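Beneath this line is the structure, given in structure tokens, with notes to follow.
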Amino acid sequence: MNPLLRFAIYLILAPLIGGLLAGIDRKLSARLQARQGPPLWQPFYDVRKLWNKENIVVRRSQDFYVFFFLILMVFTGGLFFAGSDLLLVVFALTLAAIFLVLGAYKASSPYSFIGAERELLQMMAYEPMILVTAVGMYLATGSFYVNDIAAHSGVLALRLPGVLLGFLFCLLIKFRKSPFDLSSSHHAHQELVRGILTEFSGSTLAMIEVAHWFENVLLLGWVYLFFAASPAAGIAAALGAFLLVIVVDNACARLTWPTMLKGAWATTLVLGFGNILFLTYF
Amino acid sequence: MPAFAKSPWVIHYDASSCNGCDIETLACLTPLYDAERLGVVNTGNPKHADIFLVTGAVNAQSGDVIRNIYHQLPEPKVVVAVGACAASGGIFRECYNIHGGVDTVVPVDVYVGGCAARPEAIIDGIVRAVQILEVKHKATQAAARGIDKLVYEPALAGDIPEILALQKVTYRSEAEIYGDDSLPAMQQTLAEIEADLAQWTFLKASINGKIVGSIRGRIEGATGYIRRCIVHPYFRGRGIARRLITEMERSFPPQVVRFETLTGHKSRRNLAMCEKLGYRVFKTEEYLPTVQWVHLQKERK
Amino acid sequence: MSPDPGSFTAVETAALVAEVRLLRDAGWRLVQIGAAALPTAMEVIYSFDLGGKITNRRVSLPVEGPHRLPSITSVYAAAALYENELHDLFRIQVEGNILDFKGKFYRTTVPFPFASRPSAPALAAKAGTNP
Amino acid sequence: MARTIIPFGPQHPVLPEPIHLDLAIEDEKVVDVLPSVGFIHRGLERLVERKDFQEFVYVAERICGICSFIHGQTYCQGIEELMQVEVPARAQYLRTIWGELSRLHSHLLWLGLLADSFGFESLFMHSWRVRERILDQIEATTGGRVIFGSCKIGGVRRDISPEALAVMRKELDVIERDMREIVDVFLGDSSVKRRLQGVGVLSRDDAYILGCVGPTARASGVAQDMRSLGYAAFRDIKVEPIVRTEGDSYARCVVRCAELFQSVDIIRQAIDRIPPGAIETKVTGFPDGEILVRTEQPRGEVAYYLRANGSRNLQRFRVRTPTFANLPALVRMLPGANLADVPVLVLTIDPCISCTER
Amino acid sequence: MLVLEIAMGLYIVVLGIRHRRPLVVLLLLVQLLPMVGWELRHGEGLQAHGDLLADRLSALMALINGVVGGSICLYALGYMREYHTAHHPEVRDRRPLFFSLLFFFLAAMFGIVFSNNLLWLYFFWEVTTLCSFVLIAYKQDEESIGNAFRALTYNLIGGAAFAGAIIWVHRATGSIGLTDLIHAAPALVIGPALLLSLAGITKSAQLPFSRWLLGAMVAPTPVSALLHSSTMVKAGVYLVLRMAPILHGTAGGIVVALVGASSFALASLAAVGTSDAKKVLAYSTVANLGLIILCGGIGTHEAVWAGVLLILFHAVAKCLLFLCVGVVEHRLHSRDIERMSGLVLSMPRLSIMLQIGIAGMFLAPFGMLIGKWAVLKAVIDTYPIIALPIIFGSAPTLFFWMKWMGKLLEVTHPIPNIEHEIGRGEWFALTLLSCTTALTCIAFPLVSAWLVEPYVIGVYGRSGHLAHGNFVIMTIMLAMVALFPLSFFNYGRRVKVLDPYLGGANVESGARYQGAVGQVHALQMSNYTLAGLVPEAGVFRVGIGVGLALLAALAACLLLLR
Amino acid sequence: MSYLGITALNLKWALKGPATRGYPLAPRRVIADSRGALAFAKANCIYCSVCRKKCPTGAIGVNRNQKKWAIDRLRCISCGYCVEVCPKDCLSLTTYMSPPTVTKDREVF
């Protein structure tokens, strides 16, 4: 398929799927907590409402950073689904995330400041593993291109089990889920109020929400890549990963950042690099 | 479909309550009542919330906090007073440190009775609040669309608190220009501005009852002094300030032949606007270490 | 019914700290410090507990202020909060408090609300209710 | 190292009630903390001068909405003591049952909030789900959910029928089973342990000299429980204080979890041994004299100082609530803690600011 | 030549004796005496095929020297005036000496990049060492002199290695030409190549020698910018990159690569722990030079391509950053990053330049990242395990740059603009460098095609490059980032400006709150330093340990070769 | 390493279905004897004002001349003291809740 066409499909479907996944997340979380939970479409209602709200800022320019966060996130996902270079996708993802952090710094409130700081720690924690994932896929398939990796005949998960596990660990951080919802939690009952998101409101908050939808679809797409040889298994794996994240979210206390950093790096070192060494030398 | 009906996000603050209504408010979110079914999220952060649930009566300290939170809620917003104390001061209304219900500090839209208010009653209150949100949202939309329906008229004593709030929002941009956030206009208290009412006449620009701009003027001999022309940042660049100044000039009696106004030396937009209206600089003086006053004058044509 | 009515022993202001130190050395726990503005005196009551037994020390200050009291925070650090309370509510100047909020502990609307007996009309004015 | 100062509160999602902390942190380590209170100060102690001593029960109950019943009970006990009123045994037992029910609901509430403070949402929800069963029992027997309104000077306002007691006894089994599920998670879950163990250690000596009370003191090894004074039905039902020696947040959690089952046990015993008879003694006259009366609230020892001069209004009413006694310990524990542990530490003393500030 | 060398040597000996630094004297004698003896013995026999070396790499290095050096000199004019008048009146005004040394140094740098004769190269090499020594000690206080001597000592170790390499290469090939060395059979010259790499490692302040570079930050900022980030330390990596074809695939090469890799990872990690701007820059310099050394050690065509690109991008962006920090230091009287809060208001243009510099250092789609990306690919294709330090090193890089960027943006209180105090010369230099930084990113494919690829093809017959598609994507990303300023057209519309959320305790206007004891506090925020997890000093100590171990491995390689 | 306890509990409830009561979509579950809104039976009232005097919050107003009895629902704490003291038993506590209001009107009988 033409990369541009795939980009377009992603552009249309990602927010729908992402929003729906967010709805499933809320519904399922509620059920795990013995609650009935909101309707499946609740995330869309939320975003629509936020769009209609007044936008309050501390510094006028803080919103632009969020806007760029959104468009870069869309761009990153587009790169991924258009079949581009995985490393480039990682870099673009970082760039996008950085814009959100800068926005939070710009807002200059203690809560968003610490949120930004913690977001950086989170990035520091997952970044190596995500790079290792890209490297592992390269070593297994001989190409950094998503296209080629997807077209690879073997099931990558079989050759990269450690990398897959490490990547799932990072998903917890990336999805902002317990035990690693440090910089901003989905529910505000945390020591940082909403952390990095504290000072964003109205349409800006809606943009962040939508950007997360795009991001989540991208990340699940990446899980799919591990099983790309058999599309059905891939989709099942992506959904399974998503469910796993939700179940873990509801089964863990929030941990502190040193635990996260050490845990993530240890995972990267042992699972990720162990896998890569195995791949290279055996 | 209404935009607010399905996603009311709440923030809860315990003013001076006994905790009874507090824990019942929290209980609304828990499995048996699960207000999230209705889209309710407890945000804990005023900037994300639509509905402000206040429990407990108000004392001087919690009053300040309520006011702060209220101002940080984005429009449209609704305040729900939960429980007897929040509605009226309840059993504590005779205490020396209690000022009364929440409506003594911020406007309350919905009252929920009970001691302690039951979760069902609080859910009812939220449902009622959502309807009000919807109404307020429509009104704001109408205001934004109805910018041509602006009304310019003299401000009354009752408008003064709103004008003060507007003044503080407006002068934020000036503070940024001068790198000084201690500008007197930002420090003014309600008592001071009410005292001003004796000497100054106030004009306001409002849309559907919401004040978006204001100006004040005073006559001394044949000179009309025009001060503090403020316009809500959202409505700037639409000619409201210019119109306010002209309205003020027009409101002065005929014996006033000269108008005088002033602005800070770095407020380029203000200076440009005044000059467009025919004002000319005639002197500058030191006002604050950071600000110099630029005085402008104009003869009546 | 509480089986433990406790005893109230009067103590001179000057002897307070020494007395309290004795109690602490004997292992008593500070339960509370409270004051009462009575028509006859401003009384400050220190309560201590040892294994469920209670004992109280009463310091009587003259009705007319200014009231001064030595701090016992050097003996019981936790007394700091009570002593701030004594100051903010009763206008009792506690000297030597290690954590002095300087009158900003409660920040009451009415300054020193317990310092004197209120005039009845003042409270009645606040109450007024009839249909 | 440069510091960040966080205005923690008065409005803050993890704080159920307003209190303000100036937290100075380096990286995320708290290096300095200064509390500020007074947001809920109502001055209700002075209401005794306006309300007659019988009516004041309603005010005493509203000192705090969580331990409401025991506040009312303590006040009544004090007045009864002053007036030498003998309360009927059935009323004493009823008071004990309600007191322990309120301890159950308070501890479950606390467990939920604690779980919430370290981001364990599902545990919060489950704790509060179980709590609702207890509230149902309370509502069925008193008519109120959090403010019982069933205590009066000389006895109680309502009786519980034998049928209702039987229902309650049966329900207790279900509640106990549900609580067991939750407590197992609290005490066994690795992530919970990781967040609680070794956090906010308070030595026995510190706890004692800082005047800690209730579970906070007991978790540090101070065996102190006012119920062993033998008020109400505790004359007949003996209570052994539950003591841990570690003094960390986990120990405080363990103590409260164990007290849940202790309370269930007490209620069972009370139901089994409740005597028939009147539920109140007629009270005439006015109180005179002074007294310091103490009971055990969910948060620990509460001390009331009552002073009367034989008129319908008391001269002085003074409440020292458990949280007031535990605040110094909190200020002692916070420096050196991690920012993420601040909510946990604030909650481990189970603060009830509304009692504290009155 | 010999005379000059001896004169320089004697000067150092005198200095060493006067300041009682026996190690300096010893190190000098160790290299000077054999060199003199050897030169006297061979005399006219020391020949290279062509004394000059002018290829694309030299041209690129010369270009960097010219542009960066030129702008720094311009900048230094105003800076040093202010340095003496306003900020360090206690320091004796020796500006003539300062500028003559600066020019002297630049001349020597040109000498290094254009010399083919190793003896010349060695001579210029020592000249830069000496310049660096004098300039570090410029302030003439105890700390400066101590740090200057440390720099001298470490560089003399490199000098000794260099001297050894010259003698060795002469014995092995009979020539002292750089090109002869490169084109000789690798097995024959791997020994001298490793020695030269060691010299490069000391010059580039790699672990375990990094300490001198950190100490060198006491020098006036133009010196830090010129010598200690963009040019002199580049001489080291230049030499290692020249050695790359020889090192490729050898055990010694791997050790050199590991030195670079561990320097990158550990210096990056150490940079997290400090908030001194110049120190952060110094650590980052060590780290990035480590990457280039890593490229040299690996020695494949892709790696060298990446290494050369890194030299270019790093020189420009880092120089810009140093100069900006210099200006900020003079305005704020501090170079603490935490003090730079609100810079976006007080010095908006400067803060934008700083942001460009910082973005250039670590962000896609800017230069350094392209380099890093290429390095990563090169490493994975050869020794995937070395990817470990790169991957773990980039994460802290992200952290310490980002927190700096954030600090620049953060505004808690309105601050008056004081930018007009900055001199014209400074502005010119800064603007030039900012434009160059941006331009190198935009024109990076051209630079690669004209300067880098021909050189790499010249050496290897093929070159690394960026795939066309990726290049297009990078350009799109660059365009998107460049669009950012456009958003200011919509500045402040449709938003309401309010104070930050402070738990409802906001008071007065601006970001103040009612704290405990009734006091009103202003906001105070400081970045994390992760002191509990990765203490700067601890990481550095580990680094030196790792460096020493690797040095021992290098020595073992050399001994085996003998 | 125990993470399974809570997961088992979570999954149990996910399979069992929510514990939610469903108010306001489902009717309110009423517990007999619950203390709700105060009901007033005008027929028996002799306007003696005892309830007004005893009410701890002053929610009740009585006007003997006009034979009016009024209650401020937002002030009432449903304590039942008035019910206890009423000599004619014309006051009672119901299990209903008074609905939320947008104004602070007194209810006059």
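Per-chain residue numbering starts at 1, and chain names A, B, C, D, E and F are given in the order in which the chains are listed.
As a working rule, contacts are C-beta pairs under 8 Å (C-beta built on N, C-alpha and C of every residue); 3 or more make two chains touch, one makes a residue touch a chain.
Just so we're clear, the structure is a prediction, and the values are computed from it rather than from any experiment.
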Chains touching both chain A and chain E, listed by label: B, D
Most heavily contacting chain pair (counted by C-beta pairs in contact): A-E
Chain located farthest away, centre of chain C as origin (C-alpha): E
Closest chain to global C-alpha mean, per-chain Cα centroids: A
Distance between the centres, which are taken as Cα means, of chain D and chain B, whole angstrom: 41
CA centroid of chain A to CA centroid of chain C, Å: 58
Chain centre separation in whole Å, for chain D relative to chain A (CA means): 43
Multi-partner residues of chain D (at least 2 other chains): 4-5, 7, 10-14, 28, 36, 38, 41, 43, 46, 50, 58-59, 120, 122-126, 129, 144, 147, 189, 191
Residues of chain A touching at least two other chains: 30, 32-37, 54-56, 110-111, 113-114, 187-189, 193, 198-199, 250-252
Touching two or more other chains - residues of chain E: 492, 494-499, 501-502, 504-505, 514, 516-518, 523, 525, 527-528, 532
Contacting residues of chain B [partner chain C, same complex]: 59-61, 93-94, 96-97, 99
Residue numbers on chain C that touch chain E, as the complex places them: 101-104, 107
Partner chain D, residues of chain E touching it in the complex: 275, 336, 338, 502-505, 513-518, 521, 523-532
In the complex with chain E, residue positions of chain D that touch it: 1-5, 7-12, 20-22, 26-29, 34-36
Chain E to chain C touching residues, read off their complex: 516-518
